[in-house]
Structure formats: structure tokens, C-alpha cells
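First chain A sits with chain B, and in the next complex the same chain sits with chain C.
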Partner chain A sequence: MAENVLEIRGLSKSFGSTRANIGIDFTLQKGEIHGLIGENGSGKSTLISQIAGLYAPDSGEMRLFSESYAPRSPLEANESRVSMVVQELGVVSSLPAGVNVYLGRTKLFSKFGLVSIKKLNQAANDEFEKWDLPKVGLHELADGMLIENRKMIELARAMSVDPEVLILDEITQSLSYNNRNKLYELLKKFKAMERSAIVITHDVEELIQITDRITVLRDGEVAGVLESANTTADEVKQLMVGREISGEYYRSDNEPDYDETAPVLTVNGVSVAGEIEDVSFEVHKGEILGFCGISDSGIHAIGKAVYGLEKLSAGEVLLNGKPLKSPTKALASNMAYVPKDRDNDALMMQASIWENLALPSTTELTGKMCFISPGKLRSTAQSVAEKMTVKCRDIYQPMSDLSGGNKQKVNFGRWLAKDIKLLILDCPTRGVDVGVKAYLYSLMKEAKKNGIATILISDELTEVLGMSDRLCVMKNGKLVTIIPRGDGFTEHSLIKVMV
Partner chain B sequence: MKKLKIKTGDLVPFAALIVIFAFFAITSNGKIFSGYNLMLLLDQSMVTILLGLGMLFVVSQGSIDLSVGVNLALSGVVGTYVANIVGGWAFIPVCLIVGLVVGVFNGVMVARFKVNSFMLTISMLIGVRGIVNYIQEGLMKATGYGSQYLPESMLFLGNSTTRLIIFIVVLAIMAYLFEFTKLGRYGKAIGENETAAKNVGVPIKTMKILAFAISGLLAGLGGVFSVAKLGSTNQTMGVFQEMQTAMAVFLGGVLVTGGASAKIYKVVLGSISITLIVNGLAVIGKAESHISQSVEGIILLIILFITILVNNGGVQRFLHRKKNQELQ
Partner chain C sequence: MGSNTKKNLITAGVFIVCLAAGLLLFNIVSGGKFLTADNIPVVLSHIVYPAFTAWGLSFLFACGYTDMSVGGVVVLAAFASNIFGNKFGYIGVIIPGIIVGTLLIFINFNIFAYTKIPSWIASISLAMIYEAFGFFLKTNSSTKQLVITPLNRDYRAIGQLGPSLILLAVGFILAYIIYNRTTIGLNIRAIGGNKEVAKAMGVNVNKTLLWVGVLAGLFIGVAAVIQLSYSGTLTVKTGLTSMSMIFQPLAIVLLAQILQKRINITIAIPICSLIIYSIFNLLTILHVPSGTLQEACLGAFLIIFAIIGQRKSKGVVK
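After this line comes the complex of A and B, so read on.
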């Protein structure tokens, strides 16, 4: 029996009337990678936030190396060598990457009150090298960096306290294939050093692969602890939801199924400076066209370029034969774009839910003399919210109150109120739980049945494999190959082309 | 389900107005409620409201237009000048066109050339004032008068009832544009999250240019009102007017960042509040005292402080803490 690094007994925490954690028991062994999984709102984040010193528990106790452990702040937790990478972005945008790594600890590099940025960046660089993290411009401001790079900064920050316990909250969701592998390597190295980690992810298969044990939470309580080696994805999912999961997650057919004679969108030799080069493809009525590739492959720029958000240095995008140049034209042509970073790029967080839901339908609801009836806007929003079963008190609540999965329902669902012809989805299931994920897939299937053409861009290979009719593989900004659904549709064969 | 959603923050402009009214009602022994004074108050706040309405379109998008005061002066001076040459009929159109041109210029600079609206309109505030002074100096040399008079055919505008009618019509049009058309809805979306609005397909540039154009147009109308009220132009036209207008907008509870907090009624209430402070001090006979401006400043600070406290949930937090203490 291995030594317990962290022991938690009867931990409870409530927010107002919501009981987020109810009598949680949890142990973390030395040299163990411990997975934590549960639906949105099952209390995962609350649990690790208490371990990391963000909240104090209402009752129960924690012991770290058999000593009482009650951190009052993340910095105190750091001093006990417990560090965490949070789910929401935790970097200060207006500071350079290097300073972000040592945020709150710049004193380490100061002499007479002056901080030596050179020494600081040197140390940050060492940290990146030690763990073989992808290079990030340490002098660059975190603002404007890709989510992925910002996550790497956070990871370097967590590693720089030389932690005994490392907590990762849904970090893989933001990473592309190659950087996920780097993270797995990091965890292996970490484990070999006899250190311990707690990993949260919604990806059940991934969790089983990289962890030793898995604790499943449901409605704030521990639903079960499983040995990763002896469990299956279905068993984990069942424990999470508390009932048998029926039906198919992805598509069940194994052949492309769309109207080849009716191209909706044609992309002709499109280039975007520094992003993509000479990309050509067609999307047809009722087709789901997948895009995958490692980071910097340019898959995310495809979505933006098609929706008119990028300046094309060459080529053209034709919708039903007519050129498309601006997002405004795209909106008017019944196209829809669901960006990857929903909090920053898609939703108005301080505005109400109904305002977010109604925004893309504004033109449709404009009547005579440019009149827009607020009542109609609200009723449209209300019906979408009901159809999508957005969990909220009412549609007047601010957007920021919603959980990740429900935000995504708004982000996605608001387009389905319209009569759209083309749907562009960029990582539509990032950071949402299995239940919402299955629901979003069912929506995609429904859209397909209704003849909507879909461009599905994703960092998750299983997702594009599971849903696409044809799959475009990108590498270094170029479209390498287009694989039709069928026998070639395996992760193994994709990775060969991608890397 | 409750139909009406009232946030505590939305009540502050009402509360502020009532408190100021009550304060001056007591200190002036009710003189402030005289019919004459109420009419005067309305007349005095009209220009601030007009400029505030225009500024609201800009502020709701998260920008600001500090050139409205100087734009008012330029429009009024040029409009009167042209009217005196070609005839009274030209007065209103020229004022409006000058205002519009300045507004569109601002809009294009902000939308197309990505100049920060605060810096741009401050530069305009300084630069255009120079042009106004230059024109007025030239007139001084030519005619011996620094100010020019409104042609007789236009003097009917001096009647405050005429102005009131125009004012109400314009207010109604602006309220319609702001609350019930794409212009207002998209503008607020831009203020909430410009990237998100762009990603949906909101025509950002067009909306920004239109907002500044409306602000300029209303500044031009402000020029018409200011000249008409006095019957002539003068050296201090529009001086400090942009600050008073901006203050009125923010005092009414519109957030500097724009977005859904932008409402027409807030501008109206904020403008009346700020005019009332000046008017009230005059009624109680303190307007000429040296400290009157300081008093104005202090009153404004107090109201702003309360607004911020309420909007940030400071009051709710305080009450919550109290409750928790009692529970323990």
C-alpha cells in the first residue's frame, strides 16, 4: 500500500442553498495520477478549489503528508507545494508571459525593490525546458496569445513551485493533439518523480488512459472510486450520470451520406497570411465536413476565413456561387459561426441570456420602418432557451451566471432559431460534460438531416472521426488530404498524416 | 414569472433626482417649484439632453464623443454666418450639416483608422475650438462685434415653446432609433463585447460611423438651440458643454464601458439632475458665490460614488455581511 499524500475526510462546502460538496472522502497516493470526473455542477471544481486554497471548506478536514492542511490562499497552498491550473483562463493579459509564470512571486528576482526581468525570464525559460513545454514568447503580452499558449504559461507557473501535488482542471480541452501528448509526457515524468497529480477532464477515454485511479462525483457526492486499469468508459459514464446511457453518442453509419450534387460553399485557393495557404474544398448540403490538425496547422483560421473574419491574401469563398467577403454578408446569407473561445469571442458575458440568444436573429425580427419589437426578441430567446433546455432561473439572468455547458447551449442554440444553410463549429464541445456533449451531437445530426452543411473544426480526433462525412487533415497551414468516411477513419491513420 | 425586472442600479438616477429636488425644495422654500422656474429648468436642460442622446449612441458602443461642445459652437457660428449671407432659411440646415460632417469625420477616424475615441475627440475639442475662435476673431475685426445676430426670419426659434416641440419630436425619434432598431441593439452588443459582435456578423464599422454621425447631428441641433435661445452667437458657446453632457450620461447610470446599461431615460434624468444643481444653486442665491462650482463638484462626486457602490453590488454585499454577522 502506497503512502497517502493527501487525505480528505467528510469535506462539505455550500454556496448559499447550493450544496456543492457533501461529505467527500478522497485520498491521493504518492506517485499517483488521480482522475476526477463528473457532470457540470457535480462539485469537481469546488473540491479542487478547496485543495488549492481558493475556498475554505465548511466542514471536514484535509491532511497533507499526515499533517493538518488548511490553506487560506493559493499562495499558501503553493508554500505547501500544492499547485493548480484552473479551468478558466488564469493569466493576466496585460503582463508578459514570463512575468505571468512568476505572478505574485516576482520578489524572488528582486534586488533593492527592482525586479530583474532577465533573471525572471531565465528562470521561466528553465521551467519550460525542464518540462519540455512548447516555447512561448516570454516577452510577449499574454493578451492576444492563443488559448493554448496561455494554458502553457499557467502550466509553467504551476510547475515552478516544484509541487508535490499538481491539480489540472480541464486543461487538455484547450490543447491540440501534439501538446496533449507533451502534457501526458509531463505527467509521466512527474509520476516517475514520485509526485502526485489530480486531473479533471470530460474526456472519459483520455482519463482512463492517463490515470491510475478515478473518483467519480455526482451531485456533490462521491459516486465511486475506480481502478483505471480495470474499468471501461461505459462504467465511468454510468456512474457519472447515475443511469444507463442509451443510444449512440456519435453517428452510427460508416459511410458518407450527403447530396454530392449540391455544393453549398466553395473555397477556392484561399490563403491567409501567416495562417493558411492555398486551401480549396467544397461543403455540400447535409454534409459534415471535419477539420483536424495539430496546433499551428491552421484549422481554426479556416472557420474564420470562411465566415469572412480574416483578410484573404489570395483566393475566394463562394456561397452558392456568390463571393463572400464580410461577416455581415455571411450573417445575411444565413451562415452561422460558433467560435472556440466562447467567453471572449462569442458571448456577451455581462448582458442577459436573452440578449445573447436574440443577437443573431436581429435581422429576421426587424419589421417595417426598421422596427424591432423587444417582445418578439424575448419570445424568440425564450423558445430557444426552452428548446435547448438551458439551465437558468430565467432568461433575464446575466450570461456569466451559467455553467460552461449551458453557455455553449446558448452559443450554439441561438443559430438554430434561424433558417441557416451553413454552420461553422469550432471545437463545439470544449469544456462541456458528457450529457451536453451527447445533446450537441444530436443537434448536429438533426442539422445534417435538415440539409444544413456543417464545417466541424475540432482538436478532438474522436469527435471529427465520429461525426464527419469527410475529414480534411491540415498541416502547417496546408490542406494535406481529404479522407471520406469509411475504413480509413481511424485515429491511427490520421495521426500519421497529421504529425 | 415576474414581467418587470428592476435592478437596484436602475433606480439610482431616479433617487438622485428626487434627493436633489428635495434638497433644493427645502433650501429654496419651495421656490424651485414655481411654474416659471420649472419651465426655465426644462429649457436649460434641453441642450444637455439633446447632446446626451447623441452621446448615448457612442457611449453604448464603449466609445466617447467629447467633441460635442465644440461641435455645437462650430455649427452655431457657421450656421449663423451663412444665414446672414444667404438668408434665414439656411440657418438650420447649415448647422445640422456642419454638425454631421464633424460627426462623420470622428466616426471614420474611430471605425476605419482605429483611433481611440477619447484621444481623438479631445484633440477635436482643442483643434476645432481654434477654428471657432478664428472665425469669431475675423468677425470681430470685420464688424467690431465678436458675436453675430440671428436673422430676423429665424427669431421665432427664440420662443421656448417652438423649441420644446422640436425637442420632443427629436427625443421621440432618438428613443425609437435607440430602443427599437438595429442601430441601438447592435450598438449595445458592440459595447458588451466587440469581438463577439463581430464574430456574429454585426457591421462594426458602419455602426460606429452612424453613432458618431448621430452624435454630430445632434450637436448641430444643439447649435441651433443655443443660438436661438440667445438670438446671437457668443464667445463661450459650448464651452464645458461636453463635460456637462458626459457627466449627465454617466450620472444617469450608463456605464463607461457601454452595453446594455445604456438607456434613453437615464440620459434624460441625468441631464435634468445636473441642470438642477446649477439652477438650484441660482435659485437659493448661491450661484454667484465663489464656492458654487465646488459645491457642484461635491454633489456630483457623492452621486457618482453612490452609483458606483450600487452598481458594483457594494450595498448588497454590505447588507449580506450584516445578515451573516447577525446569523453568527
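After this line comes the complex of A and C, so read on.
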């Protein structure tokens, strides 16, 4: 029998009246990659936060290598060689990438009180090389770096403590295809070193593929522990939600299906300095136009450029033949944009849920005398929250209290209160569970049926393949090809073009 | 030579050339009165006090806090230097001013750290308290004479050009090292960048904030000593007018923040101090009335500079 590295018995944690973890039993074996899955709000993040020293449990016991383990801070967890890459926190943008890797431990490079930045960067660089992580500018400030580069800094930080236990909380969904593969390689290497990892992801197929065992949480309790080799995606999903979930939530048709007569949006030779070059495409009424590519392919700049958030160095964006240059005009022209980085680019984390939900609709809700009725704002927000089944105490709760999936429901759902003609979705299902995912896909299908044109940008190939009428493949900032939905619409054929 | 070092050296070179060109332009505009043997020492001696105050403020801003009571602290620290300087000579000038400056800013940061009152609100209240205390010292019969008697001329060498420039060099080295090369400096910046991440990474937020109080207070205390040594006495301020004492250092920090993308803020501060005072000096030479009109020119300059500095930036200049 394999040696247990981490043993958890009867762990419970409550936040006010919310019982996030109830009597959790969990074991992590030596050399094991252990998956943790559950719906948004099922208690996964709370459990790993206790393991990583972010929260103290209310009751229960943790043992690391058979010894009592109760870290009071992430630093103490690090000292016990337990490290974590968290879903939400990220890096300090005002500090260089290298310093971020060793933040809190800069004394390691300090002599007579002076920190040697050269030695610190060298050590950070060694971590990137040791684990074959994609290079980032260690001297550069983290501010303005792509979300996946910031995740790589966090990963290097976690690896720099030489962990026996590594915890990855929904990191893969921030990564593009190639960097995701690098992470898988890192996990293989880690496992070969007889080290152990806990991986949280909402991608059930991925979880089955990369883990040895999977613990399923439901409503704060362990719903079951499965051997990855002997389970199926449907079995995991059923255990997660407590009911049978249909295996197929993408589109079932195999042909493009949209109104080809007149394009809703025309993008002519658009370039954004350092991001994309000479990109042209059209989106039609009722069409879902997908975008995919590896990191640095420029797919995420497409959404920003079309919505007017990026300054175009060349080309033009036309909505129904009229030029678009700013987000204000885009919003007034019934366009919507759901960015990838919801915490930094989309939502006001310190504001309430209702304020976030009502924000894009303020123009429509403004009366003749230029006043907005607070009642109307709140009722609009309330109806969206109910339609999207946002799990919250009430709509007055701060946005920052919500789980990742519920934040995404707000981020997506608030646009549905408007009469939208064009929807730009950048990684819309990042960090959401299968139940929410299925719901978001059903909304996309409904939008398509109602004639809304959609640009779907995603790092998940199955998602763009499953939902798009046509698929734009990008490489090095250029649009390489546009593939129509049909027989050649396979992951294999896409990867051949992307890489 | 690493590409980063090369890039930094090129940036520094370009900046020095631009600065020299700017000063030459000032000289031309002033009809040759700006770069004269008489005027250059005047300019240089006026950049030291604001540079020290600006370094102090930069530590405050780096951790995401603001302190409106700095002017009041400078006045009280200068009073301490004045009283003890006249009694004990240079030791009395230097030590009490620095201690009072450090202590008061340290107290401020204790209040910010433990009461969780927004720092700008708490610091306005503290400014009123410090001003009131200064006023009390000036009007109270037992302390009045001690406060209003100017610092003995024999102990005012620190305010002279040579010693103050040496102090400027020492201050620059200290500020640069603390800000960029110490754990405490990096932790201060981490708290300003993202307090939650910093906390999660093991940075002791309250302890770091108290260190900010000590470091900022140290620089502000030195600034008070320099200012007293230069002018001999400081006037007591009331009705929050002490806040006007930090307008010029504030402008320096704002300018340095704009340049921060290209030049380290601790290096940018003395340079910006030189730029800002040079503007005031040029305006004075050009007989632009001091006070509101000169300040309006400074405001316009800052906005133009911010617009230029903001180009190609995706963020927002604070």
C-alpha cells in the first residue's frame, strides 16, 4: 500500500452560517496526482486553502508525513514544503516578475540586509529552467503581463519551495494549449520524483487524463473517491451534481448554420502593435465564430481590438457597415464583451452584485429627465441574478464574496438584460463547473437562435470545436486559416495548424 | 553587459541629455540669467528639502497610503531641532528633529495600521492635532520664546549648499538601497501592489507598515532639519495650511511616478526636484508673480508631462 503523504480527518470549516467543508476525509499518497472536483461553491477552494495555510480549520486534523500539520500561513505551509498556485490571488503587479517568485522569502538572497536582485533573478531563472516553464522577463514588472505569464510566475513561485505537495487550483484553464502541455509535463516529472500534487480543474476529461485518483466534493462533503483509470466523465459529473448529466453539452449539428446574407461585423486588415497583424474576418447574424491558437497567437487581443479597447495601428472594424472605435460606441451599438480576466478586466470586486449586474444597462434604464430609478436598477439586477441562478445571500453582497463560477454568471448574465447584436466571449467558461458550463453553452445556443452574432475566443479546443460555425486559427498574431464546421473540424487538424 | 543594464544606461543617457537641453533652454529663455554662478547654487540649495520630503512620501505612496499631516510633522520636528539646537549645538539640531519626525510618522502609521481608518482621513485629523500643538508651543508663555528664537547661525551649516548636497547624496543612496535592495523595501511595494497577495506570501503587513512609518519619518525628519538650518525658523501653521508645505514635494513625487516606467522612482525624485524648482526659478527670473500664477504654471507643466509620459501606456497615471 502506498504511503500517505497527507491525511485529513473530519475537517470542517464554516464562514458565518455557510458550512463550506463538513467533516472532510482525504488522503494524498506519495507520487500521486490527486484530482479534486465539485460544482462551484462545493468547498474545493476552502479545503485546499486550509491545506495551504490560508485558513485555519474549525475542527478536524491534518497530518503531513504522519506528523501533525496545522499551518498558520502560506509561509508556514511552504516551510513544510507544501505550496499552492491559487485560483484568484495572482501576483503583485508593482513588483518585477523575479521578485514575485521569491516574495516573502527575499531574505534568502539578503546579506547585511541588502537583497541581491541578481542572485534572486538567477534563482528564479533556474526554477523556470528546471521545470521547463515558458520564460517571462524576470526584470519586468508583472503589471501588464498576460494572465498566463502571471500564472507561470505563480507556478515558479510554488515550485521554488521544492514542494513535496503541490496544489494547483484551476490553473489549466488560464493556459493556452502549449503551456497546458508544459504543465502536464511538469506534473509527470513531479510524479516521477515521488512527489504529490492536488489538482483542481473543471475540465473533467482533463482531470481523468492527468490524475491517479479523484475526490468529488458536493455541498462541502466528500461525495466519493474514484480511481481515474476506472472511471468515466459521466460518472464524475453524476457524482458532482447528484444527478445524471447528459454527456453532450456542445452543439449536436455538424454543419455551419447562420444567415450568410450580410455580415454583422466586418474586420478589415486590423493590426494592434505587438499583438495582431493584418487580421480580417466577418461575423454573421446567428453565427458563432471561434478563435483559437497557442499562447502569443494573439487571440485574446482580437476581442479587445473589436470592442475598441485596443488602439488599432491599422485596419478598421465595421458594425453593420459603420466604423467602431471605442467601447462607448460598441456598447451603444449593442455589442457586449466578456473578458477572460474577469477579476481585473470585467467586474468591480468591491462593489455589490447588483451594481455589477446593472452597470451595462444604465443607459437603457435612464429616464427622460436623465435620472435612473434605483428601483429599476435593482429589479433588473435581481431578475438577471435569478435567471442566472447566482448563488448568493442577496444581490447586495459584495462581488468579491462569490465563487469563480458565480462571478462568471454575473459577468456573462448582465449582458443578457440588453438587446445585444454581437457578443464577444473570451474564455467564457474559465473556472466554472460542468453544470454552469452546460448552462452557459445553452445561453450561447439560445443567443445563436435569436440571431445574435458571437465571437468565441477560447484556449479550450473542445469548446471552440463544439460551439463554432467557423473557426479562425491564429498563429504569431496572424490569422492563418478559417475552417468551417464539418468533417475536418477535429482537435488533431487544429493542432497541426496551431503549432 | 546584460541587455537590461544596457537599456537602463541608454535611458539614463537620453534622460541626462534631455535634462541638459531643458536647462539650456531655460537659460536661453531667461536671457542667460538661469545658468549663472549666482543662480546655480540657489537652485541646488532649494532642491534638497523637497527631495527628502518626496522620498518620505514615495515610501508612503508605495505601500498605498497617504499622509496629509507631513507638513505639521515637519513644523514640529523643526521646532524640536530649533529648541534643542540652540541649547546643545549640532547634536541638538540633528537628533531631536529626526527623532520627532520619525516618531510622529511612526505614530501615524500605527493609527493607519491598527484602526483601519482610511489614511487620508486619519492623517487630516492628525494634521489638525499637530498644527494645534505647534500653535500651543508658540503661544504658551513657557515655550514661546524657545520656538520663535531663530536657530543660532553657528549651527546652520547643514542648510548651506555644500553640506546639504552631501546630505542629498547620502539620502539618495539610502533611499535607493532601501527601496530596491532590501526585503523591507520590496515588502512595502508588495503591499502597495496587492495587499492580499503580499499577506498570502507571508509578508507581515502591519509590521511592514510600521517600518514605512519609521523610514518615511526618518526622511521627513531630515527634511525638517535641512529646512530649519536653511531658513533659521519655521512658521507655525494652522487651519490645515501645513498641507501646503507638501505641495511641491507632492508634485515631485507625481512627476517621478510618471517617469517611473523608465527611471527608478528614487533616482527620479532628485531629478524631478531639480526640474520643479528650476521651473519656479525660471518663472521668478521672468517676473511671473509668485504664488498662484507660478503654481498654475506648475500644474499645467505636470499635466503636459503626464500626457507625454502616458503615451503608449495602458494604465492610468495616478
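One rule holds for everything that comes next: the second predicted complex is superposed on the first by the 495 of 499 C-alpha atoms of A that agree within 3 Å, B and C clash if a C-alpha of one lies under 4 Å from a C-alpha of the other, contacts with A are read in each partner's own complex, and residues count from 1 in each chain.
In the analysis below, a residue touches a chain if its C-beta (ideal position, glycine included) is under 8 Å from a C-beta of that chain, and two chains touch if they have at least 3 such contacts.
Note that this is a predicted model, so its numbers are computed, not measured.
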Chain B and chain C placed together on chain A: clash or fit? clash
Q. Should A:Leu54 be classified as contacting the first partner (chain B), the second (chain C), both, or neither?
A. second
Quiz item: Of the partners chain B and chain C, which touch A:Tyr69 in the superposed model: first, second, both, neither?
Solution: neither
For A:Trp131, using the defined touch cut-off, is the partner it touches chain B, chain C, both, or neither? Pick first, second, both or neither.
neither
| query | Just chain B (first), just chain C (second), both, or neither: which does A:Ser352 touch? | reply | first
Inquiry  = So in the superposed three-chain picture, is A:Asn344 touching just chain B, just chain C, both, or none of them (first/second/both/neither)?
reply    = first
Touching partner for A:Pro360 - first (chain B), second (chain C), both, neither: first
Dual-contact residues of chain A, meaning touching chain B and chain C, are none
Chain A partner, complex, touching residues on chain C are 4, 62, 177, 180-183, 186-187, 189-190, 192-194, 196-198, 200-203, 314-315
Residue positions on chain B within touch of chain A in the complex are 1, 5, 179-183, 185-186, 188-189, 192-193, 195-203, 206, 259-260
Note: in the complex, chain A contacts chain B through residues 307, 309, 326-332, 337, 339, 344-352, 355, 359-360, 362-363, 366, 370-374, 377, 394, 396
Note: in the complex, chain A contacts chain C through residues 54, 73-75, 78, 86, 89-95, 99, 103-107, 110, 113-117, 139, 143-144, 157
